[in-house]
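Below you'll find a set of structures to go through.
In what follows, chain A forms one complex with chain B and a second complex with chain C.
Presenting the complex of A and B:
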């Protein structure tokens, strides 16, 4: 059988850099110089750890040198770990509820602040503060406000003869409280994004609709919402991904309790890895979560395109 | 010749560490040759002898601190130290760093701090990264058990000061019969009460012979009064103390088997959680990060009884409360006595390259003058027996006496060495305080902890 021989000159020409002018080459180099540092950081702090996690997940990885190769045992264990699945369920409930509530909240506020009303600029700045503040500080303020015995909210409820509510003591109330606070923080973050989106919609469309007799709600429903659909798609995806990364809030407010009622997957991963030193297992469930998030994001993008 | 004033000036310079003994000898020699050395020079060197030792690489050592260890005076060493935030930045510790570095000019201290709860993660991260921290602050037994602390039995033998320590304090550094660190301070839970609030409802104050059921009877007098009889906490550590008070424990004597659902444990946890959700005379315990709430309620005169440690006494005194103290209740029947022992210890990260220098720093941290300052300025009680004979520390204060009595029977919360068991216990206690059946909650925790301890 005759082998296919590629002439050396042809091969060299294929492998050679395309002929570019020196000016263009300088532009390329400048572009790589700008992108390079970020790329290096991304590889070092995201890509390499991801592959390292994959490697670690195949071991009974311990700090004190007990690193036995266990193959897929950690993954099989995760399949039967009820607490892991419970944490995934709790996180999913939080993700859906806090994203829906937070985005609706942000959209409503954005529609308000884009009106030409007094002090709206100040309102925008003030409302953004929770997003730029420390999450621990924000969570601590809520922890005090929702305290059963000494909290402000229960004090107000007592004044209104409603009686004290176990905001952080009862599992269902605790999840509800965390969803509410998560939505509040999310609304603060997404408000400027939605406001910018609404302001970028052509005024002519609104004026034309107004001339045709469309009411405010109809203009919002048929012009604003479709115009900012790409933004909504982005904010939904980011909100869902963000929901799976909520740790500080839970750590301060409930520590995953009561009765694991607010045990988010990321908290469970932390617990397994750093509290119990099951680093191999923690890596395995991290990768499960990555796969889960990938599927959710893919579905969202597909739904968005449809 | 040297006059008296010059003599005093030189002595002061040496004591303050501004002039080394070698520099002093050079100065005296320049001043009057051998004659000056032989006369007042010898007297001067003797006068400074208690403060500055022959250097050999070491500097001046303040009175009451360990002498220079010549094994660590040679090469340059950077000692990485990680202390709890509320220790590291306090004046006694800042002065300790300065004094230690003056004594060992070749050693540079790199001191970091973190909140107490974050230290375990930092210890583990450093170990995982292959850069163990030289001196760390936590419970040494816990890290000895998981293999992240150096066994220091040999250094203890060389030091020979084991007998100077309160015997109970050594439990914080001991696991499986081996020592993994040096105890730094010690405390335990006892009972504090507001005499005026108890009198208002006609309740008798707690006494050292009172049992839990008797205390409950008194607390029931607060029902419907708008003030809590007792501030409850669902902290795993606090509740292990209540269990000890009833003769129970969470691990067996060999510390290799969980005993969470012992009948005496269930009984006391059941009684305490009923004080809250059933009797309505105990405050509803709050989530983990609000463990200071019982103290806040007590300081606000919203609760009459507080189960706490000596660290709260300064604030309580400042609050102008007519306060009394006693030991924890004597179990359910009056025949048992116990509490939980707290405090902390210093230990050396596994595979630290500066083992001996790290141990030397730990010895300085338990030197009597430093321990006295820790009591006076930080409210942290000493692990050294002889410190308690110092009248200035206020050990004779009647409010503190019950604490000393209680300390004799207090034992550490050793389940903490098994993180999964610790979490199981913590969850069970929190569940019980929220109204779950105590027996069932502790049975469930026992299953999880048994597997973890195995």
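Presenting the complex of A and C:
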């Protein structure tokens, strides 16, 4: 009954605003008062900066406020800036590897802890702890664990006669270490999301499949996986966005080195903006990065739907 | 029909039981293994933080100290002005919790339960802000904070409002509140109106008390993300008096290279408050992430 009334109401409010009764107008005003503070904050601190960064990227920001309009020069410069492309490469490798490893890890553990066995709830609670410990503290712990000379991991490797590995001293190993730590945190964080998804798959479906003789792996492959596909799409997108926000991890573990092997885009933005005070250029890089992110995410969404 | 169903369930259970013992043992072995993978680094953190200076460079390394001491915590606390960082992080987290709960619930209430022109467009805007990575916002926000009109040179850099305002309300808080309130029966509002409540009274006396679980989730998540935030506080605060615990710890790592017992004591100081929050509010964490897990599917 209601649905028939609504369009007429909406039409009235759109075409004939003055004709709206004063009581209803007061209701609208009250509604705007409710959304007002939040909306003003979001517009001022998220929407306006988005456009402002576009504006800033057209300037050559010098030290002490001197700035010069240079049009698209920052963007042209970025196209030929090898370090910028390197940083996008590093970030992409990290995004793909740590998301794949971390999400597969989270999914596997979610399947483990959602079994109807005693104490699994406790494991589930404790697995989340790495996500609660702050990123800088976690990075500091791993810096110590992976220390070349005194670190525990290299000690274990020497016990296994592998010898010490340059976890943070070699460019490739350093990126690998950061990927592992990112996956470790990601697994912990995404596990409850997957577990909830698995639990919402209907029991009847499982039992029916079991009666039909489907083995555990087949049930997982043909029932669980398809039904949590939307969650996977969401977690992948969030993991990709997250890989552009790893500054705390990098600052403590590698500071972007060695040999720029862990120069993530966010680190490069920071260096350009605040070490060299090229804020216009930093802004241009960040927008390039956003374009890149947008394309990847769009691709991901399309792949998910196909 | 019912008999068939119950017999088939029995059959399932019987099959399950036969294979149960080895599967369960394997499950527990895996579960314990990953428990170690996730928690051992934190055990090592505590172990190292309790070591006296003489024990940090021993080889082979030991996880726990022979002679535990508490002095590292005092040395770390004093060595990096952690008291000041603690105050700053607490102020930032506490104010953000209040603003997110208040503004988030107000907006969520309007989006879920009131009709007004532009509602869908505004909500779309809220959702869009969820997708903006903060890396894109730090440069323009820095410049905006630097040039706030009618302020001294330096604007709101190195101020609490500078740190807090950009996340005083997040799209997440609004979204979560709207989803929760959309699930409450509409009769509540109608009944309140019949009883003579205006919209503000309905919000305050009827809706808010009913949305305690959602408010708790927002409060807990806001506290966690603000306490652990790194990038924006680093950008907006370059005066050590305004450093948060995370920025302070990162700086401490750079000034006390390889003094591992002090660094681990610093890590404990930075991490433990949120461990406490998690221990107290664990059900809310679980609920919010489950809500995410089941909510996305719909």
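The working rule: the second predicted complex is superposed on the first by the 268 of 306 C-alpha atoms of A that agree within 3 Å, B and C clash if a C-alpha of one lies under 4 Å from a C-alpha of the other, contacts with A are read in each partner's own complex, and residues count from 1 in each chain.
Keep in mind that, in the parts below, contacts are C-beta pairs under 8 Å (C-beta built on N, C-alpha and C of every residue); 3 or more make two chains touch, one makes a residue touch a chain.
Worth saying up front: this structure is predicted, and the values here are computed from it rather than measured.
Visitor: Sticking to the clash and touch definitions up top, decide whether chain B and chain C on chain A clash or fit.
Guide: clash
Visitor: Would you check which partner chain A:252 touches, where first means chain B only, second means chain C only, and both and neither mean what they say?
Guide: both
Visitor: Answer with first, second, both or neither: which of chain B and chain C does A:271 touch in the superposed model?
Guide: After superposing on A, A:271 lies in contact with chain B but is clear of chain C.
Visitor: Tell me the contact category for A:260 with respect to chain B and chain C: first, second, both or neither.
Guide: Only chain B is touched by A:260; chain C is not.
Visitor: Would you sort A:195 into first (chain B), second (chain C), both or neither based on which partner it touches?
Guide: So A:195 only meets chain C here.
Visitor: Tell me which partner touches more residues of chain A in the superposed arrangement, chain B or chain C.
Guide: C
Visitor: Taking the superposition on A as described, I'd like to know which of chain B and chain C A:143 touches: first, second, both or neither.
Guide: both
Visitor: Under the stated touch criterion, which partner chain does A:169 make contact with: chain B (first), chain C (second), both, or neither?
Guide: The answer is first: A:169 touches chain B but not chain C.
Visitor: Of the two partner chains, chain B (first) and chain C (second), which one does A:182 touch, if any: first, second, both, or neither?
Guide: neither
Visitor: Per the contact definition in the header, classify A:102: touching chain B only (first), chain C only (second), both, or neither.
Guide: A:102 sits against neither chain B nor chain C.
Visitor: Now that the structures are stacked on chain A, which of 56-64, 200-208, 290-298 or 434-442 shows chain B clashing with chain C?
Guide: 290-298
Visitor: Taking the contacts chain A makes with chain B in one complex and with chain C in the other, which residues are shared?
Guide: Looking at chain A, the two contact sets intersect at 140, 143, 147, 150, 251-252, 274, 279.
Visitor: Which bits of chain C are touching chain A when the two form their complex?
Guide: Interface residues on the chain C side: 8-9, 11-12, 15, 24, 27-28, 30-31, 34-35, 37-39, 41-42, 44-45, 48, 56-57, 59-61, 63, 102-104, 106-107, 109-111, 114-117, 119, 122, 125-126, 129, 131-144, 165-169, 171, 174, 198-200, 203, 224, 227-228, 230-231, 234-235, 245-246, 249-250, 253, 258, 260, 263-264, 266-268, 270-271, 274-275, 277-278, 282, 285-286, 289-294, 296-297.
Visitor: Hey, which residues of chain A end up touching chain C in the complex?
Guide: 9-10, 13-14, 27-28, 30-32, 34-35, 37-39, 41-43, 45-50, 52-53, 56, 109, 112-113, 115, 117, 119-120, 123-130, 132-138, 140-145, 147, 150-152, 155, 184, 188, 192-197, 199-200, 207, 210-211, 227-228, 230-231, 234, 241, 244-245, 247-248, 251-252, 265-266, 269-270, 273-274, 279, 282-283, 286-287, 289-290, 293
Visitor: Inside the complex, what are the residues of chain A that reach chain B?
Guide: Listed in rising order, the residues are 63-65, 140, 143, 147-150, 166, 168-170, 251-255, 257-260, 271, 274-277, 279.
Visitor: Per the contact definition, I'd like the list of chain B residues that touch chain A in the complex.
Guide: Result: residues 120-121, 124-125, 127-128, 146-148, 228, 283-290, 293, 296-297, 300, 302, 350, 419-420, 423, 427, 430-431, 434, 436 of chain B touch chain A.
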